[in-house]
Amino acid sequence: MSIFVGIVGALGYTGAELIRIICNHPEFELKFATSRQEYGKKLMDIFGHLKDTKEGEIEIIHPDRCREIDVDLVFLAVPHKTAMNFAPIFLDKGIKVVDLSADFRFSDPNIYEEWYQTKHLHKNLLNKAVYGLIEIYKNEIKKAHLVANPGCYPTSIILGLYPALKNNLINPSPILIDSKSGTSGAGRAAKLGVIFSEVYDNFRPYNVAGGHRHTPEIEEQLSKIANTNIYVSFNPHLLPIQRGIISTIYVTLKNNISFDKLYKTYYEFSTKNRWIRLYPRDRLIETRFVRGTMYCDISLCFDQRTNTTIIISCIDNICRGASGQAVANANLMFGLEEDTGLRNLALIP
Amino acid sequence: MSIFVGIVGALGYTGAELIRIICNHPEFELKFATSRQEYGKKLMDIFGHLKDTKEGEIEIIHPDRCREIDVDLVFLAVPHKTAMNFAPIFLDKGIKVVDLSADFRFSDPNIYEEWYQTKHLHKNLLNKAVYGLIEIYKNEIKKAHLVANPGCYPTSIILGLYPALKNNLINPSPILIDSKSGTSGAGRAAKLGVIFSEVYDNFRPYNVAGGHRHTPEIEEQLSKIANTNIYVSFNPHLLPIQRGIISTIYVTLKNNISFDKLYKTYYEFSTKNRWIRLYPRDRLIETRFVRGTMYCDISLCFDQRTNTTIIISCIDNICRGASGQAVANANLMFGLEEDTGLRNLALIP
Amino acid sequence: MSIFVGIVGALGYTGAELIRIICNHPEFELKFATSRQEYGKKLMDIFGHLKDTKEGEIEIIHPDRCREIDVDLVFLAVPHKTAMNFAPIFLDKGIKVVDLSADFRFSDPNIYEEWYQTKHLHKNLLNKAVYGLIEIYKNEIKKAHLVANPGCYPTSIILGLYPALKNNLINPSPILIDSKSGTSGAGRAAKLGVIFSEVYDNFRPYNVAGGHRHTPEIEEQLSKIANTNIYVSFNPHLLPIQRGIISTIYVTLKNNISFDKLYKTYYEFSTKNRWIRLYPRDRLIETRFVRGTMYCDISLCFDQRTNTTIIISCIDNICRGASGQAVANANLMFGLEEDTGLRNLALIP
Amino acid sequence: MSIFVGIVGALGYTGAELIRIICNHPEFELKFATSRQEYGKKLMDIFGHLKDTKEGEIEIIHPDRCREIDVDLVFLAVPHKTAMNFAPIFLDKGIKVVDLSADFRFSDPNIYEEWYQTKHLHKNLLNKAVYGLIEIYKNEIKKAHLVANPGCYPTSIILGLYPALKNNLINPSPILIDSKSGTSGAGRAAKLGVIFSEVYDNFRPYNVAGGHRHTPEIEEQLSKIANTNIYVSFNPHLLPIQRGIISTIYVTLKNNISFDKLYKTYYEFSTKNRWIRLYPRDRLIETRFVRGTMYCDISLCFDQRTNTTIIISCIDNICRGASGQAVANANLMFGLEEDTGLRNLALIP
């Protein structure tokens, strides 16, 4: 069986990661890749690592031409606002869609419109879209035609808090989140703030105190899990590394809940999910251990001096936080094992 | 006027930084530099950047020989436990001492002995030692013969919290501290955990939840400032950069205190102190802006969604967090301007 | 079919890379991994990225115990001098061996003994060992019981010069080689010279002017190819990156040879070999395009001003320059496709 | 005495470096700084490291307004082609000019026009401009009104070859130059090729085989020194570091010249020049030892196997290769010591 795949917006880092995974995927076959700027070139002209591969020889097409090509599945790897216009085109033809943008992540269009400063033009699709976090919505994803692939920070944070909130083990407030992300999260775009000389040998916070667009996405999902309104203080920082997000999350246990109970709950969660790895109590996660993989690694710590519980979760922002997760969603949508094409381990060092 | 200076333990990174600063210091003249392993060599044999300088030509001596050389001032840049035995040797001869180790930072020897797992052999000196944080103890430092130079993390955290705690603006609990430090803080020593291949393109927490030895140092100083017992959750992370610490500190304002009031208090603090820079509300600090300098840069943020106040402080761990601060202390001890030899700005990029 | 595999010296970076590749290899099954220091632990205790894998659960054994375990194939990933003593143990039992050290790379034991400053204790094996450069010795490798896996620099340089020397297109002298290698080549060992703070944001030559042990290995192989004595000036530099070697090689074309002829010869070479990629004339290779792969990428340039031909070759020093090549050799020794388990592409970024 | 200084094009990295040096310069006082895009802001709005300094408070002006302000000296830190139009404006008013662009570096305008693809509009100034390499043209610089500040690569290469060519010790051909530069050389500009994710953990050649514009500059200067036409093969590579150039230069000694003779000649050169440091024969230069300084460090090596002499020279591309050298030139033009404001050492680590 071969499932034919197209990528709209193939030349960003999420596009590149999709192509890399598809190259080694036993069932997916890349049929088209679009770019508004670079159409006419071959993929290997842009991405040298694809040289001498079948995929590298594919000619990039203008997005207007993507309707002409027969596929079973499309990944939208274009920016929000652009993505929402592509989704119905494919859905109407019966083609399944995984959208890596934020356009279909919210159930309430007002929240989307407020935070993304744009009108939502396909609100009718919002309640058909499934939020593609496989540990939570696996059954829904299997049946979905449109999956809204989660954001990178939200993936690390929601997975880090899910067992605690789902099982009512922590207080819903305060939840303080200190996140650190590699620079690839800023995308493949020429912006002064991310040139090498501005980022290397440097570290800095940005969009702290609720200024980041991932805040409402995190809050909507956590509220659904906890079945109560959750507000978080989300504070991202920019790391001078390629890939990797660590979210250090500060919470307090409910009165009658022990740290042991919390640990056991997370352990069970990890045994039931292919890509959740709970670290032993005396060991801490590192971004390099998830590089290029789908794992969400978690450490749990308890600070007795201050009665603080610290949940530290770690993902690769491009693979787990975007393209790998998109492929896992697509696997489920087509009845494949969720880890098809996604079994490799991190490159160390 | 020339003040003759010696360095015990000159070949670590704090030693190297002391030498760099002394090379450009108009009043200090380096007379000796010791190393137990490398004596007999010249400083430039170890530190190529000193080649063709007067200091680079200095022959490293064995620490046993440091008594033979006439100096006015000694910097102890050896590990804790070793430092405490050197201090009385010099003090007894009327030589002033700045100790960069932890040996004289605590007023209670029991806390030292518990956290550093060693007997304190010169407890009588503890109450003569002044904690060398110049923004707080300037007058005491001017009269001191023995200064205990603060740790790097404590410098960033105590300065970040000082105006708030001193003026009773925040609740004493919880104080959650998420710190990130450059790898130079691990010192110039061959340890597997800090070789390039283990650190580069990686990020990780370590010694979280109160496991780091700087915890009691931070708590003692904060408790003195607040005039009440303060306990903090201190959680360090290792950054793949050379120099720089950012401490992101989560606190809550007291009931009747506005964020405006807090900001103004910090602004006043910054105007009264040579090296405190408070950033405008819409701008965030970055480690590179303090590289190689004595500045402690501070950003203040308020997260309305969760009523959280976020204090972000930033220093260079080797300069402000160790050797530069040691020189500033020495300047004060000898009646010089505190910034003598310390006026350079960060190298960008 | 399952081929049982052991690794002697599993805890260096070449060991880690062997394990990573074997984890995804459809035919190889890891049966033992040794370490003289860390036996008794599980592999995942050392390598966090192996957590929750079958291989990660394997208990590391002392090398003395490796005879007890039934395997078909052993990789020797221990230092030279140690490796030579392990080889006969396995060979005598009919177990095939790929040795990643230098111990069996030379046909003349005197050259080995001079450059590696040690007696060779198993000279009788030298003429049974096949030099494992698959583009040159494929047929011999298929029949070999002992393969001497090439060094990293030699791999990049020999492949870069092979088509030119084999076809008599360049003058045998001068051949000037300016190589640059990532720091992982220095291994997983605590040495002051490779700690992060000494390597990061720094670049430096080392062992230039024929001081590097790879010099005689390069010269022996090039001499065989050219059928005349070849001497090279080999000059390595240390790059502050994880993986990757670029060798910039300066040669002159023979009188009657055009650059076009050279280019066509390399192009043919690339079409006949799975992992040789010749870049178009207007494009230059980059280390990231081969990261984690078996590719040897080559750019050819001609400098008309000075009549200089510049061959630039690029490999991943750990994968192509060590463990990946070792697996490819093993594939051939067991009648598998050479790229079994080695089909992944580089992670970008 | 105070010398009033202006900077045209202050917001690139050479501008930033000029400001940093001027901040600590005892005689120069910054009077204006221009930017076509960011005028109206303060310098510290762009460069956070200038916060709370006198210079940081200076308001950036539009370049059209720079004539209004009285200064004694102007640094042109704008791109080539733009610079040539500013020079006469200031020169006509008797203001001395140091131009950091390539516009006045060539004696032959045809070569400039061919390589920089633009008409030279002020050819009459070419023979008034002095090439600002202080080791060679010190006397001319002292009397100059217009100094053409050398390029970064040329500085490292010309200084590396000067003693050998001046004293007729090496053959004029072949001269093969393998250079490696930090990314700051690409400037403070948003270009896709230099964003962090494209540069970090990567290494690559570019503009090899005579494609780089610094080629004719190097050749003109070397030809003057050698008093014969010199052609070089100049091959640059991009390093993932901030600052630093290493040029590894391959030459052959003249028949009757020993390597000892060469070494002694360089040693003499180093003793006569403030910033030339010749390393001992058993030690090699590193970029970090010159970081932020004016030093040109040199190692000399002889490869007996191939009779090759290897000259390795090392500078900081922004300080020695641009702004520091510009200040040194200005010092000489105003009768100051050449190292005024330029005495600091490298920051290690």
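First chain written, first letter: the chains are A, B, C and D, and each begins at residue 1.
Here is the rule we use: a residue touches a chain if its C-beta (ideal position, glycine included) is under 8 Å from a C-beta of that chain, and two chains touch if they have at least 3 such contacts.
Quick caveat, the model's predicted, so the values are computed rather than measured.
Undergrad: Looking at chain pairs B-D and A-D, which one is connected by more C-beta pairs in contact?
TA: Pair with more contacting C-beta pairs, B-D versus A-D: B-D.
Undergrad: Compare the contact pairs of A-C with each of C-D, B-D or A-B and report the one sharing over half of them by residue number.
TA: Residue-number overlap above half with A-C among C-D, B-D or A-B: B-D.
Undergrad: State, to the nearest whole Å, the distance from the C-alpha centre of chain A to the C-alpha centre of chain B.
TA: Chain centres of chain A and chain B, defined by C-alpha means, are spaced 39 Å apart.
Undergrad: If you average the CA atoms of chain A and of chain D, how far apart do the two points sit, in angstrom?
TA: Taking the mean C-alpha position of each chain, the two centres sit 45 Å apart.
Undergrad: Measure off the straight-line distance from the CA centroid of chain B to the CA centroid of chain D, and report it in whole Å.
TA: Here the centre of chain D sits 36 Å away from the centre of chain B.
Undergrad: If I count partner chains per residue in chain B, which residues reach a count of at least 2?
TA: 13, 184, 197-198, 200-201, 240-242, 285-286, 288, 291, 349
Undergrad: State the interface residues of chain B toward chain A in the complex, per the touch definition above.
TA: 173-176, 178, 180, 182, 197-198, 200-206, 208-210, 215, 231-233, 235, 237, 239-242, 244, 246, 248, 250, 284-288, 291, 299, 301-306, 308, 310, 312, 349
Undergrad: Hey, which residues of chain A end up touching chain D in the complex?
TA: Listed in rising order, the residues of chain A that touch chain D are 13, 183-184, 186, 188-192, 194-201, 240-242.
Undergrad: Which of the residues in chain B end up touching chain D in this complex?
TA: For this pair, the touching residues of chain B are 13, 16-17, 20, 23-24, 47-53, 184, 200-201, 242-243, 270, 277, 279, 283, 285-286, 288-293, 297, 318, 343-349.
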